[in-house]
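Please find the structures below.
Each of the next two complexes has chain A plus one other chain: chain B in the first, chain C in the second.
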Partner chain A sequence: MDPNNVIICRCSDVSLQDLYDLFEEGYTTFEELKRIKRVGMGPCQANTCGKMVQWEIAKYFNKPLASVEFHNMRPFTMGVKLNAIKEAADDEE
Partner chain B sequence: MKTTECLIVGAGPAGMRAAKRLLDVGAEVTLIDRSDMLGGQLTKQTHMFFGSEKQHASKRGIDIMQLMIDEITNHPKLTVINNATVVAMYKDRVVGYVIGEQYHRIQAKAIVLAAGASEKAIPFENNDLPGVYAAGAVQTLMNVYGVKPGHKVLMVGSGNIGLIVTYQLLQADVEVVKLIEAADSIGGYLVHASKIKRLGVDIETNMSVKRAIGKDEVEAAEIWRLDEAWQGIEGTEEIIDCDVICMAVGLAPLTELLQQMGAKIMYVRELGGNVPIIDKDHRTSIERVYACGDMAGIEEASSAMMTGEITGLSAALDLGHAVENYDQEVARLRQELANLRDGPHGEKIRQGLKKLGVLS
Partner chain C sequence: MKNKALPNTADVVIIGGGVSGCSIAWNLAKQGQKNIVVIEREYLTSGATGRCGAGVRQQWATKANCILAKQSVEFFEQAQAILEYDGDVEFKQEGYLIVSSTPEETAQFKKNVRLQNSLGIPSKLLTKAEAKQIVPHLNTDVIDAATFCGTDGHLNPFTMTDAYYKAAKRLGVSFYTYTTVEDIDVKNGAIHAVKTNKGTIKTDVVVNAAGGWAKEIGEMAGVDIPVFSENHEILVTEPVEKMQGPMVISFSHNIYCQQTPHGAFIMGRGDKNMPKGHDVSSSWTFLDDMSKTVTTLLPPIGELRVIRQWGGLYNISPDHQPIISDAKDVKGFYMACGFSGHGFMLAPMTGLLLSELILGKTPSLPMEDMALDRFEGKEITEFETSVV
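Right, the complex of A and B next:
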């Protein structure tokens, strides 16, 4: 298997090899991977890649899956234009 | 800002049943859904359901959906917001949603989350080639829009979704070359498995996808046998001629909105992954915020209807509505749920609910 051709995060085009490289560099949590490589920050918001990332962390570091922390989730779950937020606020006044 | 008494996120079986229960006791309900139609996943369930009469067994999913829509539409206290994606939720029950490019906010006294689940995926080489689908996408293409996903399908996963989608592909005159399963036994109901076996589909266990083959799209798949640790065994590879690799490898509850609010979440493998911590009445760790249906743990549409009803009743009670015979009604619903979760197929769910502390 060539991990370069296994895509974990389709939104941000992050391969399994990219994850391995980050693990080797010392980034071991989902939150760190997200900040460095934007894993899980695309339109799917980790709904597709999230479980696979958790699984790969567990496998690589030989940890139980339940102990692998998920990333923090904050509003918004998809791109919203700043102008749309402003217009919503103006309408409410 | 707009306000509502009870906001329900997701108009699938759980959300619609919760809405019905709340409307019945005089609550004012806003039902919000991403799609242009109500029904959630039932919009693509063309097959007949099992279970008991009370959950409309032997009716088709789409017909059950219509019954539920008819029960609530035109109710004077119901507002439906379609084509609206909820993108933000805050602890004070302010909810942000997007319609097209417009952003709106609404504040609710209570929120019932029935947002459903997302499909899981498995990593393999060239898994980004066009032709690699999740089973729900195949169902949407075929059963909602009448579009064939391809001509020759390799189905991955033998849970009920894998089995049923295989049957629906055959009905649509699409060839299913093989169905493979990573575990050592078939996951779904044997009646479904027997039906597709009779129609000539080969089912093989302890097998998984090694890689997709193709330049611009899937032209074939390489599969291989798995050992007891679910690792591929070199030398057992087999090439399957197909243009679709359909993954039916499970669902995971959509907990992101609850997590935004800081609700407590727990990993329960048997329920599909991260699930909200709820009590028996489906209250989450945030006051007057509830979770039901697949979002509270992966089950089936029939159970989603039941958990939706229980949730609707507890929200109604917390909002101060008089609910006639509350105790008897909830006891009856719990008993029906227990019947649905009975037997060997309910074992996993029961284990999961015990871990969550909902079942003793």
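Right, the complex of A and C next:
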């Protein structure tokens, strides 16, 4: 299958070929891929593409899957409205 | 870039793979310098560059910052073509709207605009009503006046650095990521070698572009740099339809907030009680303070969902202006640090000026205001006030 037609990250519209291009350019870790192409930075926060990205790095560089670091998870685990945070902060005062 | 073995020798070793280090590398290579090596402890943009607010502005309160910013904007306008970049640096010039809260602050802003205009920066003072025309969801009840400069804007830190990286690589620069500098050898008052966890490189020239770790790199070479690092926090919302053109900033409310071309809102603020150091963790207090501030100044933003927060280091100098300099006591040691939160937007001039200094050329701008020795035996009387 043409890697141009294999979508890895649906949120940010990143294809398998996009990943290959970045690998060739010298970007070889999840953290780097995510910064250039926004892989895993959309609303699902890599819950859909995360494992696939890890797997493609392992395959491309012929490394054991377990040695490929997952990306750095940051808060939040789900989106929260700023108004909701403000109301909670006001309640505490 | 990380499978190659480290070379034994280099003509120039640049420490730091942020936008400054990559810009310095490209500028040196473009002027014919060979055997340039860039060392980065993690990946490119992993430090302050990739954690910054992605803003580019020329509205500063000191002459040096204004000139550096203006000439950097002129580069950014052409960056895509000059660097022959195949990606998109996402330079969006829809301005910075800087709001004042009190007549006193407005008086300072008037001075700033006079200075900026005298240097060719097209900023202007606006009334509350005029400000509201530019950002309709601005709450003008909590502001006094504003200044606006339409050629300020947004730039993508990751792709901008990538553009410098690719262009530098084409000119022969070698990049080594996930490589940590452990020590710098100085012999007879001159740079001799750089020791890393992957090997030692003999070199006569070292460039300290280490951002938040610039002081520690200076110490390795025996150079005392009067800077410190401090965590500044930031958050991003879900992407939404376009609703805000310019970056909105307030120094007194302590906020900067812009909508990126991608649709997400990015906003950050400083914390006076933040201890000095290298911590970049995220806090609840930041979220609480930010949610109150942004819903006061830009009320409709309150309906947006926060999807991520993070922190990054400001490397702060005594006058909040950068140190782009050699070191008088250690031959071959150069530095670009102390940007005090605005190193990203000045990177083109940082690279140009420091490369000229290293190559022994006459710099494109007078550099006294950026020299390391400007702090020696002097009390700092004039410093940049326009910092969030």
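Here, the second predicted complex is superposed on the first by the 93 of 93 C-alpha atoms of A that agree within 3 Å, B and C clash if a C-alpha of one lies under 4 Å from a C-alpha of the other, contacts with A are read in each partner's own complex, and residues count from 1 in each chain.
Here is the rule we go by: a residue touches a chain if its C-beta (ideal position, glycine included) is under 8 Å from a C-beta of that chain, and two chains touch if they have at least 3 such contacts.
From a predicted model like this one, the values you see are computed outputs, not experimental measurements.
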Requested in this report: Check chain A with both chain B and chain C modelled on it and let me know: fit or clash.
Outcome: fit
Requested in this report: Name the contact category of A:65: first (chain B only), second (chain C only), both, or neither.
Outcome: first
**Report entry** Touching partner for A:26 - first (chain B), second (chain C), both, neither
**Finding:** second
Requested in this report: Determine, under the contact definition given at the top, whether A:81 touches first (chain B), second (chain C), both, or neither.
Outcome: both
Requested in this report: Figure out whether A:35 sits in contact with chain B (first) or chain C (second), or with both, or with neither.
Outcome: second
Requested in this report: Check whether A:2 is in contact with chain B, with chain C, with both or with neither, and answer first, second, both or neither.
Outcome: first
Report task. Using the touch criterion from the header, give the chain among chain B and chain C with more contacted residues in chain A. Result -> B
Requested in this report: Minimum C-alpha distance between chain B and chain C after superposition, to be given in whole Å.
Outcome: 7
Requested in this report: Would you please give the residues of chain A that touch chain B in one complex and also touch chain C in the other complex?
Outcome: 45, 74-76, 80-81, 85, 88
Requested in this report: Please name which positions on chain A make contact with chain C in the complex.
Outcome: 25-29, 31-32, 35-36, 38, 41, 43, 45, 74-76, 79-83, 85-86, 88-90
Report summary line: So, in the complex, the side of chain A touching chain B is made of residues 1-2, 5-8, 10, 16, 44-52, 56, 65-66, 70, 72-78, 80-81, 84-85, 87-88, 92
Query - Contacting residues of chain B [partner chain A, same complex] - result: 1, 85-90, 96, 98, 101-105, 118-128, 210-211, 252, 254, 256-257, 259-260, 265, 267, 269, 273-274
Query - Interface residues, chain C side, partner chain A - complex - result: 1-2, 42-46, 50, 87, 158-159, 162, 166, 169, 175, 177, 237-238, 262, 282, 287-288, 290-292, 294-295, 301-310
